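So, here's a batch of structures to check.
Each of the next two complexes has chain A plus one other chain: chain B in the first, chain C in the second.
Right, the complex of A and B next:
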């Protein structure tokens, strides 16, 4: 525990140092990044120690805040979530050092680094906290720190708007969490987590729903996802990588932590999570497919992946309520595995997208093209992550989804309700997978293949050294988690007994049943890699001594090829977005060509979020107009304000004494 | 003995009434100063048998601050701000008087109802302190100039002082010292602020301060 606390102290100190040095942006950035990397290394020691010999540690310190105590501990769930936090934070920080270079002379980068350190520290405290007040404090610091990171370019209107949406969403989520912890605390008489055990009955259901909403806002469950597509494009890329890769998983962590406190789940809990998972997964990837902004697309894809995690959780809960250990174990393992995977490949995708934005200066997919020739390493890493996120073997994305499939297959043989839900899970997972392939084919094809569509990509160069290294490490991670998956199974046998309430033996026995197929998968994965290597080797051999020359991409029979002849991202996605038009409501503006020699014609499509357009905006506008009437009271006259206070005081006195 | 206290308390109330009926700022400052001195001597009158050196020092300090230093600061501010010497109330003088009598009646009622931890040396103490606090508020609300706001603030402080006398028979000194320090700093700061406001805006009229608010009424709501 000492090492984690030391890491926290280091993060805060280096953050403060960066704040103090904000006049010297470069030094501030170096200090902050050095602090982060060192802190992550320090923090990783107890995590690894836990996974190697199961050593749980805890630490407690009384605080003067009522009901609060600085009680922290490291158990399976905490250690598991610390893993992506520590790794991705360090990598994103190293990447950010170079990425922020272009702002060094324009803005106070030190302040941004201070909040970056604060965000990492608060995430660590969120997962180690064992007291509700401490947890909520860290949760709020996390929201506020990330708000300031999102609004880094605060001179731009859309960034301000994104920041406001983000902050409002986070505050509303926290309101639900407050209600949740107060009701938990009232039943157990303490705000410490170890007193929360085994709440049951109606109260448990109320708490579960509060947790799904409160943590769902952070995680990005549909329909609470509206902040993601706004905040992620607005934030600097290393920040979006950290937020999407790790911070939204804090919602999943919170949900899992609360589920430990609640008694055996009724069937509908699993059903609710599965329903949320299906809706989030399918709508998330459909909206991603329709986006034209690279980072907005990745944000929607995060919604989809959170949906997959919710599916896994739902299947796990279903298995727990039906009393079938294998479904419970594999569902939870799938969800946890996908948490790890998503941190890996979504972090990589955002960093890759950041590199593209950094080099070209635009996020519009339809303006880019042909970047693979100019940025081969970035392109390769991006391709790896894209393949992984689509769930293609042998990369890591496949393993997580495979486990959820495997759990659902076990559910099909069961009684009717479990059967029905399992079938739904399999069907929707399959559909999500297909749409994800379409979506990332579109992104990679448009951005990296072909020819540059506009002048934006012409001057792009490969990113260098410190900025590229995190991408390579993450890409290697994607491949390693996929190919070496059987070796990682022991990690889960340490985490699962606590969250599922099953004994360690049952967990291990059920995990073993999945290990067999996983060995097969990694063997064939290794086979594929080997085959690829052999083909490359043969190609080199065959081409040896022959002349290899590069030519135009579009050079087969066209007299005057132009980059504008290429498929655009929108046209590539059109068959699918058209098919699901009823769900995603893409808007088009067409100026049709007219006459024999048409002069001008244009087509523009835009896909706004239906939940924002149809639900949140009207509701908030109503509220705004209702509240506007109260402006009558706020006229700026000091005298009247004091009168209000006086009237309130007198009314209270008279009410009390009457 | 009791009649002595009661007459001092009645004096405080009468000064409140006098204050709201006075139109010249300089006269107002003098009235508040005089009220301050009167209030400061309350410990002597109330606990004549147990006057210690500490109490005497404290009374002396209070008299010096409220009776001389505050008026001096306020007169200086008045001179430097160079404004019209009229109070310019929102609510006219006769109506203000009626309000104050009404406030006193409410305070009597409240004072009779308010449970006290121990018997109070005079039945009038609580009503008078309440009335003084509320009238201080009333002055802040009904007068426009920044200087009169400070005067209202001082009147509130006098009311709190009287209440403190009733409540803390043994050790009012410590609490009062703290409050006195607060008030001193506040008056000092307000004196400077008033000077700066008048220099920037050519007046110390607080209701023009509403121009500083951050919200302006939308002319026509733009519906997106």
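Right, the complex of A and C next:
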């Protein structure tokens, strides 16, 4: 525990140092990044020690604040979530060092690094906290620090708007969490997590729903996802990578932690999470498919992946309530595995997208093209992540989805309720998988293949050294977590007993039933690589000494094709977005060609978020008008504000004395 | 050692191009022509492997790698898919999932290789390819899940070994619906009529053919062989279901299976001779029918 606390101290000190040095941007950045990397290395030691010999540690310090205590601990779930936090934070920081270089002379980069360090530290505290007040405090710091990171380019109007949406969403989520922890605290008489045990009955269901909403806002469950597509494009890319890769997973962590406190789940909990998973997964990827902004697309794809995690968790809960350990174990393992996977490939995709934006100056997919020739390494890494996020074997994404499918297949022979849920999970996962292939072939095919569509990509160059290294490491991670999957299973046997409530032996036994198939999957992966190598070798030998020419792409005999004639990403996705038009409501603006000699014609499409447009906006407008009458409270005079606080405190005191 | 599994692989590798000959001869018979030699695809492959290559200046290694990865994934799949009653070399719980995702891998790289050329025709083909998989994949998952429930097995080899005459006697309606689903998905995934016309001459209306317009020589040979393998593998999921005969002897079972596959070739040829291709805009409806058939099968199979 000491090492984790030392890591926290190091993060805060180097962050403060960066803040102090903010006049010297470059030095501030170096200090902050050095602090982060060192802190992550320090923090990784106890995590690894835990996974090697299962050593749980804890530390407690009484604070003289009512209900609060600085009590922290490291158990299975904490150690598991610390893994992606530590790894991705260090990599994103190293990447950010070069990425922020172009702002060094324009803005005070030191401040941004201070908040970056604060964000990492607060995420660590969120997962190690064992006291509700400490947890909520860290949770708020996390939201506020990320708000300042999102609004780094605060001179831009859309960034300001994104920041406000983000902050409002986070505060509303926290309101639910506040209600949640107060009701937990009232039943158990303490705010310490170890007093929260086996809550059952109606209260458990109320707490579960509060957790789904409160943590769902952070995680990005539909319909609470509206902040994601706004905040991610606005933030600098290494921040988006960290936010999408690990910060939204804190919502998943919170939900899982709360589930430990609750007694055995009724069937409808699993059903609710499966329903949320299906809706988030399918709508998330459909909206992703319709986007033209690279980072907005990736943000929607995060919604989809959170949906997959919810599906796995739902299947796990279903297995628990139906009393079928194999389904419980596989569902939970699938969900946790996907948490790890998503940190890996979504982090990589955001860093790759950042490299593209950095080199071309645009996020519009339809303006780009042919970048693979100019940025072969970035392109290769991006391709690996794209294939992994589509769940293609033998990369890591497949293993996570395989486990959830496998859980569902185990439910196929069960009683009809489990059977129907299993089929629903299977069919929707298959649909999500196909749509993900459509979405990511669209992105990679348009951005990296073909010819540059406009002048934007013409001067692009490969990113160098420290910026490229994190991409390569994450790409290797995507491959390794997939191919070496049987070796990673022991990690889950340390996490699962606590969260599923099953004994370690039963968990071990059921995990072993997943290990067998994983060995076969790894072997098939190796087989594909080997066979591919053999075919490539065979092809090369055949072509040796033969005439290999270079020419134009065949375009029905047309010999002067221009890059503008290429298929665009929007056209590529149109059959699918058109098919689901009723759901996603793409807006078109058409200027039709007119007259005998038409001059101008144009077509523009845009897909705004229906939940934002149709639900949140009208509701918030109504609320705004309703509370306008209370405006006289907000007059801007400080002395009256202090009076309000005083009155509130007095009222509390009187209420308490009564 | 699992001899019958290796026999499966051998049959798939050697006889898969033969089925295309059967289809063409059937079509020729319906049209009153003499038709191509039944081994025409073997001759074509031999000729393509002797050719040089022409690459577009737009393309990258994706264009060259796409066919290779596709063939490698399908070769791997031949080790997973059972041939009739003969189990596969690799059989494990959940291999169904790996098989369908291997097909996804093939699709992913085929689409990227098409987009790599920068040609709008190939872009259109690629766009349709990803669209039509949307219903085909859930449909086949549901169909196989229904079979898994019926047989109590979760590996392809296990499921197919347990599908016997008795299963048909008990659950003929369910199995018939599943067979319908698999047949439609099989035709769609292999770009046959009524979804795609392999003999069409207009780039604008093609799906699979247009995606490989720029490939030639050795690469085209690899692609043609890979599509023959895909045809064989998905076809064996259909034949394994509708030919429940199990002799108990691996050799005899293989002969029965081979005969079944030949009949499948004749069926496909007959379908292509008597009906036209569905309009592109109507293809999703056809695939939705496949999905609905599988949902119906699962309702019937609930008991």
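Heads up, the rule we're going with is that the second predicted complex is superposed on the first by the 602 of 658 C-alpha atoms of A that agree within 3 Å, B and C clash if a C-alpha of one lies under 4 Å from a C-alpha of the other, contacts with A are read in each partner's own complex, and residues count from 1 in each chain.
The rule we apply is simple: contacts are C-beta pairs under 8 Å (C-beta built on N, C-alpha and C of every residue); 3 or more make two chains touch, one makes a residue touch a chain.
A quick note: this is a predicted structure, and the numbers were derived from the prediction, not measured.
Participant: I'd like to know which partner A:653 touches here: chain B for first, chain C for second, both or neither.
Facilitator: After superposition on chain A, A:653 lies in contact with chain B alone.
Participant: Figure out whether A:66 sits in contact with chain B (first) or chain C (second), or with both, or with neither.
Facilitator: neither
Participant: In the overlay, work out which of chain B or chain C sits against more residues of chain A.
Facilitator: Counted on chain A, the partner with more touching residues turns out to be C.
Participant: Now for A:643: first (chain B), second (chain C), both, or neither, which partner does it touch?
Facilitator: First partner only, chain B.
Participant: Touching A:635, do we find chain B (first), chain C (second), both, or neither?
Facilitator: Touch status of A:635: first partner only.
Participant: Under the stated contact criterion, what part of chain B meets chain A in this complex?
Facilitator: So the residues of chain B in touch with chain A come to 90, 106, 110, 113-114, 134, 137, 140-142, 144, 206-207, 209-213, 215, 217, 221, 223-224.
Participant: Under the definition above, what is the set of chain C residues touching chain A in their complex?
Facilitator: It comes out as residues 49, 51-60, 62, 65, 68-69, 71-73, 75-76, 79-80, 90, 92-98, 100-102, 104-105, 107-108, 111-112, 115-124, 126-128, 130-131, 133-134, 137-138, 141-142, 145, 148-149, 152, 154, 203, 213-214, 217-219, 222, 284, 298, 302.
Participant: In the complex, go through chain A and note every residue touching chain C.
Facilitator: 369-370, 372-373, 383, 387, 390-393, 398, 401-402, 405-406, 408-410, 412-413, 416, 419-420, 422-423, 426-428, 430-431, 433-435, 437-438, 441, 444-446, 449-451, 513, 516-517, 520-521, 523-524, 527-529, 531-532, 535-536, 539, 542-543, 546-556, 561, 563, 565-567, 571-576, 579
Participant: Report the residues of chain A in contact with chain B in the complex, numbered from low to high.
Facilitator: Answer in residue numbers: 617, 621, 625, 628, 631, 634-640, 642-643, 646, 650, 653-654, 657-658.
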